[in-house]
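What follows is subunit A paired twice: with subunit B in the first complex and subunit C in the second.
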Partner chain A sequence: MSMEMSDTKSARPVTPVTIASVRGLKVHFQSKAGRVHAVDGVDFDVRDGETLGLVGETGCGKSVTGRAFLRLLPVPPGILAGGSVMFRPQTTCPDCQGDGCERCDDSGRRPAPCPKCRGQGCTTCDQTGIESLDLLTISDARMRDIRGDRIAMIFQDPSKALNPTLTIGEQLGEVFLQHRHADLLAAAGIAEDQPGWQASALRRLASQQDRGTDRLLVKLSGAMRRKHRAIRQALDERIAAALSETQIPNPQRVMQSFPHELSGGMRQRVMIAQALACDPDLIIADEPTTALDVTVQARILDLVRQLQTSRGSSVIYISHDLSVVRHICDRVAVMYAGRVVEIGDVEQLFTNPRHPYTQGLLAAVPTTRTPRGQLAAIPGSVPELIDPGPSCRFADRCAKAHGPCASHDPALQPVSAGHDVACFLEHPITTASRARA
Partner chain B sequence: MTRLQSSFTPDASKDGGTLLSVRDVAKHYPIRSGALQRVVGQVRAVDGVSFDIRRGETLGLVGESGCGKTTLGRLVSGLIAPTSGQTYYDLDSSSLAALDAAQTLPEAERHAALAAINAAHGIETMPIEAKNRFRRNCQMVFQDSFSSLNPRHLVIDLVGRPLRVHKEASGSDLTERVVELLEQVGLGRQHLYRYPHQFSGGQRQRISIARALALDPELIILDEPTSALDVSVQAQILNLLNDLQAERNLAYLFVTHDLSVVEHMADRIVTMYLGKVVEAGPTRSIFDASAHPYTRALMAAKLDLGPAGAASENKAVLDGAVPDPARPPRGCRFHTRCPVATAQCGWEIDDIVRILERHEALCDTLTDVTRESDFAGTLVFEDADAAQKMAAVLASEAVPQPFRDALELAETTGTKLRVRFRQAEDIKLTRRGPDHLAACVLG
Partner chain C sequence: MQLRDYIIRRLIVLPILLLGVSIIVFSLTRIAGSPVGVYLSHEMSAAEVLQIEQRFNLDKPLPVQYFYWLKGVFQGDFGWSGVASAPVADVFPAKFAATMELSITSAIVAVALGLWLGTYAGVRRNKMPDHITRIVAVSAASLPLFWFGILLLIVFWANLGWFPVGRSTNDIWESIAHPTGFYIIDSILAGSLTALLDALWHLVLPSITLGFGGVAIIARMMRSSLIEELQQDYVDAARAKGLPERLVLKRHAKRNALVPTVTVIGLTIAFLMQGAIAAEIIFRWPGLGRWMADAVVRGDQATIMTYVLFTSVLFLLANLVVDIIYAKLDPRVRLGD
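Let's look at the complex of A and B:
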């Protein structure tokens, strides 16, 4: 399926196949014992409109990779040691204004044109005419614009990710105030370039950059109070709409509640509503259902799937639960010790896993057929990643480890179309490359 | 199940018998409010649960969060005292028969009939020596190994503690015993003098298991032992638990919400919903032919490694949230979310309130509810129009068909709406097959 898609899309040069691509990403952490290579050379692409699963054991670097997209890493002790995360933001299709036309595949969205050459093709955008941002090097202000607007994150534990001292309405409203203040002002009848101190005061209020005097002005002037009320009302409407989209019953009441008044499933819905509020191009879901019951999990997964297909956003789904990934993802990248060891379509990877680690993970899941006490556990645990040497990192837990595994580093190479594996069993090391090493 | 012959096998007369009998156990937590902290209600965490645990078997306890499974595990182990009911330890078959016969007697006679059994076997009422013996034989492994291992103690103190408390060993003998226990769970002498934070999640859970094994118990209560672990480590722990069970004829009470794990581990399964047992039976019989719609809904929600396809599309996903355990629904507690509910399931006044919550405008106009019983009462609205509207809603497609069938009377007089539902008793567990019980009005 994905092959066909890429073929049709490559016929139209304006539509890229990938929305984001990670190349050689390295995130290290400085510790007393040495440099921990938490993510050490990760490569993958996220295609437009797909759900990419990122699976692996605890400590394999999947969450760090996800957070690198939004630069939510603590630096220091974190060190962005190299690589790039290229992201291609999208805008409303200029030909149809979002209604869907021939040129945008009826999605109503097109990649944003390169700001330097206005889509004509120049050296900055590599003659593609498409804007491409390296999320690791852009300015903090630009990152703030993207965070929550073009790329959003759904966190694992909603009870920790939501602020317990603010109502749901207040914290959801922040997304709109940060990224959609122009809409709010328009709804209150204030043009973007309207002159005058009153309009500027309201503009500051609507984008959370208000000064102390602005609030005082609103209190004193009746006209401003009315305008301000109109902004609040437009904001409330948008919050309620975002909440009801995630099938929250009675959004008016939920807006007034504090996080502790809601159940776990409801809190996760609020998180999803917050992430989807600005219609992002890319959603990073970091184990969104781990803290939930199976019955609630099923509903949340349905919801994520349904919203994603209706909006055509791409999702990076980080999880350690293989059965969830099996059901929700289009492609899967299996990570181990800071590296991607196998990547491919869900079907290929689950029916024909090629890396011994993937095989081990799949065999460890209890099924109806496994006799009791005979689960195929992977012996040992994830290695500590302090200054690792050149070797396959899975070698000491691998039942099939042989000669080159201990002395050489395997690279991700294709075994079939769209299915890459980093293992010497699939790609035996040649004497030439051995000599080079 | 095969049991290995080893030095740990207890005497044959006890083998296969009932180890622990839980009878009608309830735990209610008071809700306090106001300046005087008066009790205004009870959260019925566990509300009348009965089952047996046999020697050498694994009993799985499943249910959603908040259904009382962890509370039940703590009640069984004697960590908290029940509000009513009792857990009996080490009953022989004649006392067990007497116990079950006494359950049908009226309250006053039951006390007299049970006095002897209570004094000898009830874990709340038994003499201190007997209770010490029970405590030795009933150990627990907790879900979160971060909070259940003291971070300031070394492994030797953690694992050696039960041996020291029960004066089993001391000095170099203690060290040797601890090493032996650590080796049984796949750790070794080199781990003796380390702190819990120096271990990974899987290793910490192994330390918890070693501590539980120290006094060679007959029963271990496992409260979600693998839910915080990765699938590969989970497989290691599950295999370890199985080996230990085969070696020592251990009984497990396996509390979990993961159906794949429980299917793999348990001989028998008990499903709980809102503090009540809804179904109990042998694992295969529950998985192949479950008799309760709640168990079926849980299984439908379970994901597996099979290909995603038609099966996941027409899955009956459960609607709504678990009702408030302080006011559990009457009749079958699951009827508010049940896809196959009938008129006999115990529809009541509270169900009208739940429906009202979906009709916000009407909910705001409701001023008062007077109840004659749970099944009959009067709703007072602000104006006659709202009462009429409510009556129309109750008769429309907006409410489930069985609800309308159970509604015997709904008449409006001015601003008042009088309603009466069909009376319904609590649904009892009935036999569905060999050793298989379910609480459902349907066949």
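Let's look at the complex of A and C:
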């Protein structure tokens, strides 16, 4: 399928600013058999504007890691057992108002200043002056402000991730109503601090906090009805604009449609439009093309890539499809049994894989020269993740396993610039660290 | 198909269905014997009986008798009720209003309480409120209505004396006019708070008895379909948009969970009509159900026919309403295809 895709990769030079960093993330699930360590100490950074691939087989914890960014984990049985997910939200560059200038590197965006010191540098922001949030510990209300606005998610199966009983317009509109009601009210000529019960009622309606009586008021009062119609119109314009950005033909008609009236590709375009509606800084794309036809996949991938580049958003692309990841990602993190075993630039990792698991994965990708009936596979199966002991998780299946693999836990360490591996073959265990363990 | 076309089509079919229902019920009641009994007394001679049979066309073949009955219905003559010692058409409206008042109140109790309990339990799955709701619902569904009614009667009427039986306190009932026959509406129209309180007070025990089984069924259905909807991806997608949990529940999960629950609510309405018979007997409610029970025992065929005809109309209309709500809730439902 890579033949069909136009090469849109690395359209923008990667800046080494990190927008999010995951440190020691642990997500466990309580089951009857014990505690399943689904994600068990994951570390990686997401740089501003890059696409980071998160690859691994089913059950390796890649989706759970992605969902941890939005705290969309079922708790219980899920347990956030430790670690942090630090996120640096971006705002429009105050110097150029988004047009692009020297100070923001022509991106029109700058990291939001630390609210405590207003960018001067204090102990909260570690003297950087940049706001940094731990997504695992911030309040629910703060999390909701970030969801859909600063961090958005594209789900695997758009036919399940869209509500079958609401129109596309209603579902997309929710994002704007939730995060952009100030704009909508401004478009309808209602100031943020305008006094009076009518303005208050319209403000509640625009921010989806309406009481039962507010709708009645709009029905009864002609003046309010006109204002409300102006809000709806501003909303419809934004919905139509978001839809046409994802190259959906005839957005006016699609807005009125229900999900079941659209094709799979169209539905995923709607999901993408919904995710990108508020120009998020980070997009979690959880296998966005798995449920689609191969012919549609390439176009969707190009679309994501193109929209991401134009906005300078970062993407975490979760997938088990190595050819797709190689095509669209800047860097790749390979996950196995709840750990990142190797991370690096896409070319380095694909041409020079260092971890035996990554090597096995790449060898298992069939090519046109693979003879019939001779698909390569990694022997053995993924270990049970119930209360694992200190050992390399891959040791049982690894052809090169030796002494320390069964008794010690390897850590991610660099092998070259921008390429880290967690393997004792690359970083032989020293007597000192052995004694420490 | 357009909703309007569907409603029109269903309303056209309605009389045909009623005709079918009436033929079946007419045949079945006539199997039980001639309805002449309600016109007779012990002093009558054989010749007099024959005369009465001729007068009411009971000596004719069954299809002809049916034809005469149908002709009467079209003329507003539903026959003579032996139980009420009056023409059916004269007694029917008041009894019908009494039963409707009880059934509608019970339906409101069942639907409102059922949906609320089901949502409450579904959101708190496997926590204490859910377990308590489950116990209440399962016991409510398995309690026979007549037994539960008698239990309430013994405790709250016989022992505690908190609630009355019957439909009204006689003096208060007679103090106001009854243009609609619905006690609650009549008391509001008359502007009498005493009468309204009297109406509601009398409704408490019978409507709880009648609505209780419905509460259980609706609550269980709502709970399980809400739990199922809450596990769907679109619920997480709604959360990922930043929607507060209140809206995730109200606009997304709950609305979709209502789709299967509405079907159950439709069935509950049929359940209420059956149950009304027992509830009316227990609480001395002067409605159709009690009249019907007497009519069955005493072979009052005109009353039976009328009762069946009207409950059929109600049942078919209730089903139509359920279909319409169904189509409104779920755009994927295509009516009439």
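Criterion: the second predicted complex is superposed on the first by the 421 of 437 C-alpha atoms of A that agree within 3 Å, B and C clash if a C-alpha of one lies under 4 Å from a C-alpha of the other, contacts with A are read in each partner's own complex, and residues count from 1 in each chain.
Heads up, the rule we're going with is that contacts are C-beta pairs under 8 Å (C-beta built on N, C-alpha and C of every residue); 3 or more make two chains touch, one makes a residue touch a chain.
All values derive from a computational prediction rather than experimental measurement.
J.: After lining up the shared chain so the two structures overlap, which partner does A:Gln97 touch, if you call subunit B first and subunit C second: first, second, both or neither?
T.: neither
J.: Just subunit B (first), just subunit C (second), both, or neither: which does A:Gln374 touch?
T.: In the superposition, A:Gln374 contacts subunit B only.
J.: Examine A:Asn250 and indicate which partner it touches, taking first as subunit B and second as subunit C; both and neither are also allowed.
T.: first
J.: Just subunit B (first), just subunit C (second), both, or neither: which does A:Gln413 touch?
T.: In the superposition, A:Gln413 contacts neither subunit B nor subunit C.
J.: Counting residues of subunit A in contact, which comes out ahead: subunit B or subunit C?
T.: Between subunit B and subunit C, the winner on subunit A residue contacts is B.
J.: Would you check which partner chain A:Ser31 touches, where first means subunit B only, second means subunit C only, and both and neither mean what they say?
T.: Touch partners of A:Ser31: none, neither subunit B nor subunit C.
J.: If you stack the two complexes on chain A, which partner ends up touching A:Leu70: first (subunit B), second (subunit C), both, or neither?
T.: Touch partner of A:Leu70: subunit C, not subunit B.
J.: Would you check which partner chain A:Thr137 touches, where first means subunit B only, second means subunit C only, and both and neither mean what they say?
T.: Touch status of A:Thr137: no partner.
J.: Based on the superposed arrangement, let me know which partner A:Met153 touches: subunit B (first), subunit C (second), both, or neither?
T.: Touch status of A:Met153: second partner only.
J.: Which part of subunit B faces subunit A closely enough to touch in the complex?
T.: Interface residues on the subunit B side: 64-65, 200-203, 230-236, 238-239, 242-243, 246, 257-261, 263-265, 287, 297-298, 300-308, 312, 315, 317-318, 321, 357-358, 360.
J.: Contact residues on subunit A for subunit B in the complex?
T.: Interface residues on the subunit A side: 57-58, 249-250, 252-253, 263-266, 293-299, 302, 320-324, 326-327, 346-347, 350, 360-362, 364-368, 370, 372-379, 381-382.
J.: Considering only the defined contacts, which subunit C positions touch subunit A in the complex?
T.: Within the complex, subunit C touches subunit A at residues 232-234, 236-244, 247, 251-252, 255-256, 259, 329-332.
J.: Can you list the residues on subunit A that touch subunit C in the complex?
T.: 70, 72, 144-149, 152-153, 155-157, 160-167, 174-175, 178-179, 208, 258, 260, 271, 274
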